[in-house]
Amino acid sequence: MIKKNLNIFSILIAVTVILSLLIGCAPAAQPAPPSPQYPVHAPLTRFKIATTTSLYDTGLWYYLEPMFEKYADVEMDIIYAGTGIALEYGKRGDVDAVVVHDPAAEAQFIAQGYGINQRYFAYNFFLIIGPPNDPAGIKGSTATEAFKKIYEAGMKDPDTVKFVSRGDNSGTHSKEKLIWSKAGFNYAYIEKSGKWYIEAGQGMGPTLMMASQQQAYVLADISTFLAYSKKNNLTIVSLVEQDPIFLNVYDAIAVNPDTTKVQNINIANKFINWLISPEIQNVIGGYGKAEYGRPLFFPLTDGSCKMEGCPPPEKYTTPVQ
Amino acid sequence: MNAIWQGFLKAIELILTLNPEVLEITARTLVISISSTIIAGLMCLPLGSLIHFHNFHGKRTLINLIQTFYSVPTVAVGLIVFLLFSRSGPLGFLELLFTPQVMVIGQVILISPVILGLVIAALSGVDKAAYETAIAIGASQFQATTIVIREARYAIYSAIILGFGRAISEVGLALMVGGNIRGYTRVMTTAISLDTSTGDIVLAVALGIILISLALIINFSLSRLQQRWR
Amino acid sequence: MVLLETLSLRHEYDGRPVLIDVNLRINSGEVFALIGPTGAGKTTLLRLLDLLETPTFGNIHFNGVDVTNSSRQRAETRRRMSFVQQRPIVFTMSVYDNVSCGLRWRREKNETIRKKVDNALELVNLADYRNRNAKKLSGGETQRVAIARALVTEPELLFLDEPTANLDPVSTAKVEEVLARVIRERKATIMMATHNMSQGQRIADRIGVLIGGKVLQIGSPNDIFCLPTNMEVAEFVGVENILKGTIINKDDNLVTIQVNSSTVQAISDYEKGEAVYALIRPEDVIFTLAKNKTSARNVFEGKITKIASVGPLVRIEVDCGFPLLGVITKRSAEELGLKVGGRIRANSKATAVHVIKRWA
């Protein structure tokens, strides 16, 4: 009887061992060899970044990750989180760099001393998406006009005109709040003004789904919207696109080793410089063109960003020392 | 509903083509959950015996407390473990955050109350005279304890199976302390969560189907073994 | 040779005395039966003797060594004894595994274990049950497994707590057969608790009567059943005719006792004038109709007050100035044509009357 137990136990253990070996063969496993002058191979370093949902959802990171890992000979861990928690990870020193797109929150992050060496590396635009029949008639308006119309129509007829907000303090959410305030509204008031205003509290994807189902208006960045519509049937379409306020700039910030316990500042700097290097800027600019017919991101180093809100050139050309 | 059918087809496709990423995630899921179950089992069996076989002030209260933690939300445990192992937390120097190891630690914390409480319940279900009989036959305290554990083995297996179920099915903790890092800490549950929020519904459903099937197969096999071991 | 001895043993549970001043000696090789009513403390005494619990007061000596208090000594000594409980617990494993437990815990070699277990199973007639799941056995079979398990470690002293109390007559007979065999072949010292007096009578060399926590009498079966030394023992062993009287005459060892308005003659060493009880077992009462010439010195005439069937026997209660209980076969009852209210003669030999001292 005890022998039978042993047999089954050994099978279980063997299975576990085999499986753990399988894990070792994960596609992201790193090749080893160092350059010839280092006879002893340095231990594999794990470089962690926190990135926001918008960048992640487009799959850009899947593309860039193996490239950087090869370039810097590190193991890159990408943690996908909303702007709020991404910056929190930075403050706690749990990640080495953060890549987000929320200017206000980033400014505070840097002012508090947690972030250094901020460099911008890409931009695109937000847009307002909504039901094809456009009940609030926003097509062709500016951003602030559109928001005003949505508010008025929504207050009058909340069952027909609805707006879905990210509601999660993300970069997109911050942009939305900015537009409301530029349109002359107090955001706290808008939040509670009626049932036309829906707070999703989720990432861009589920928020778009919700808007699609509810036939509501929603603010989203172009890249996520394109990527998402390809994978799912969205019934909502782009309505308002051209407006300087829609500018959405992405940047990377290294976490300050003096105020936190991070240890990979060198790799973080390398990473930031790599992002603004001409080669990678090209890659970023070409990403998605084939699949979606239009690029999802615009590189900054080609100087194409000239509108209000674009970062100063030294913020995307000068490498970090 | 269409998504479920498509997901089902996708699941078959993923399995038949032995999709490497799915294999990798599945393997990792199993290793992490099985490891945490084994560790929690090895810890809680002796601990449960200790509690059961000794009478002390507040024993009843302790058992009640353990049972209270059966349904502690996984995100709550996840949050606490995250705060503990964050670089700015007390155990940050171990550099364990966002690694599979901390996920195992977290799962052990999560499922220990369940396994511990059920081990104690299992031992309580054995006639008290069994221990005495063993002593009378000449067993040492350790040998008598072992016999009682053996008598309760059916119920103890249930405890382990349940612990494993809770480990493999939880999302909150894995997400918070593991970070869902592709190729490193992504497990089936967190992958499903991610795919859902990026809109890859079909893939999410496929993974869900694979996860459920996996859990069913494992549970079924363990139950068969349990019957054989009666 | 004295194997086990208790000295002034006293045991209390929650301040309540359960055993009072027990002084016992168990001799090597004998079968000692402890009889007494339920709740008298038999199980407690057995558990104390098996060193499963420590007595509140008093000492226990095993082979002359005081083993009462040292837990190491107790554990060691306990290994030389075995205990079969009233409702034995078997573990969820095969009969073989159950019986071999004790040997495995003593780290004996597999080969030795196999031999000993097979012998033990043979002894209790369970050789065919070797691989059966022990939990699925009947009460009698379980008892026999427990006995085999107790014997396999070759104990110097075997305790049995009411081994057939919960069994039907057929299983009881089987177990008693096994016990008889064990006694014959093993020559182990056995101490058995039972409330079945006839079982004690049949199996034991000596009997101890435990009533109310006290050992009231120790002696051979005959002593106990025919010559009880006090009232409580007498009542327990089924002496149902307990006649209150005083010795009015003594002639050698033949005494005449005044009981109410009748006299009873008995054999006794007590003196004239002593207050006594005259004890007559119902089986020793012979009923006759006519004034037959029996050798019985005692003849009581009276009226039948009660007739009751008990199995194959009939109990007759007669009022002859005092109540007298007798037992005869159904057949005899029919032959005598006994009816309630009818007149009858109850006879008893002087030798069948047992006299004990009466404390006013």
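Labels A, B and C are assigned to the chains in the order they are written; within every chain, residues are numbered from 1.
The rule we apply is simple: a residue touches a chain if its C-beta (ideal position, glycine included) is under 8 Å from a C-beta of that chain, and two chains touch if they have at least 3 such contacts.
No experiment lies behind these values; they were computed from the predicted model shown.
Asks: Sort the other chains by how far their Cα centres are from that of subunit B and give me the top one.
Replies: C
Asks: Kindly work out which chain lies most centrally, taking the average of its C-alpha atoms as its position.
Replies: Nearest to the common C-alpha centre lies chain B.
Asks: I'd like the Å distance between the centres of subunit A and subunit C, where a centre is the mean of that chain's Cα atoms.
Replies: 90
Asks: Hey, how far is the Cα centre of subunit B from the one of subunit C, in Å?
Replies: 58
Asks: Nearest whole angstrom, what separates the Cα centre of subunit A from the Cα centre of subunit B?
Replies: About 33 Å, centre to centre.
Asks: Touching two or more other chains, which residues of subunit B qualify?
Replies: Nothing qualifies.
Asks: Touching two or more other chains, which residues of subunit C qualify?
Replies: 93
Asks: Considering subunit A alone, which of its residues make contact with at least two other chains?
Replies: none
Asks: Quick one: in the complex, what on subunit A touches subunit B?
Replies: Touching subunit B from subunit A are residues 4-5, 8, 12, 16, 19-20, 22-23, 25-29, 48, 53, 56-57, 62, 65, 75, 77-80, 91-94, 202-203, 205-206, 208-209, 227-228, 231-232, 260-262.
Asks: In their complex, what parts of subunit C are in touch with subunit B?
Replies: Within the complex, subunit C touches subunit B at residues 50, 52, 78-79, 82-83, 85, 87-89, 91-93, 101-102, 105-106, 149-150, 153.
Asks: Considering only the defined contacts, which subunit B positions touch subunit A in the complex?
Replies: 20-21, 23-24, 27-28, 30-31, 34-35, 86-89, 92, 97-98, 179-185, 194, 196-201, 225, 228-229
Asks: Could you list, by residue number, the parts of subunit B that touch subunit C in their complex?
Replies: 127, 129-130, 132-140, 143, 147, 150-151, 230
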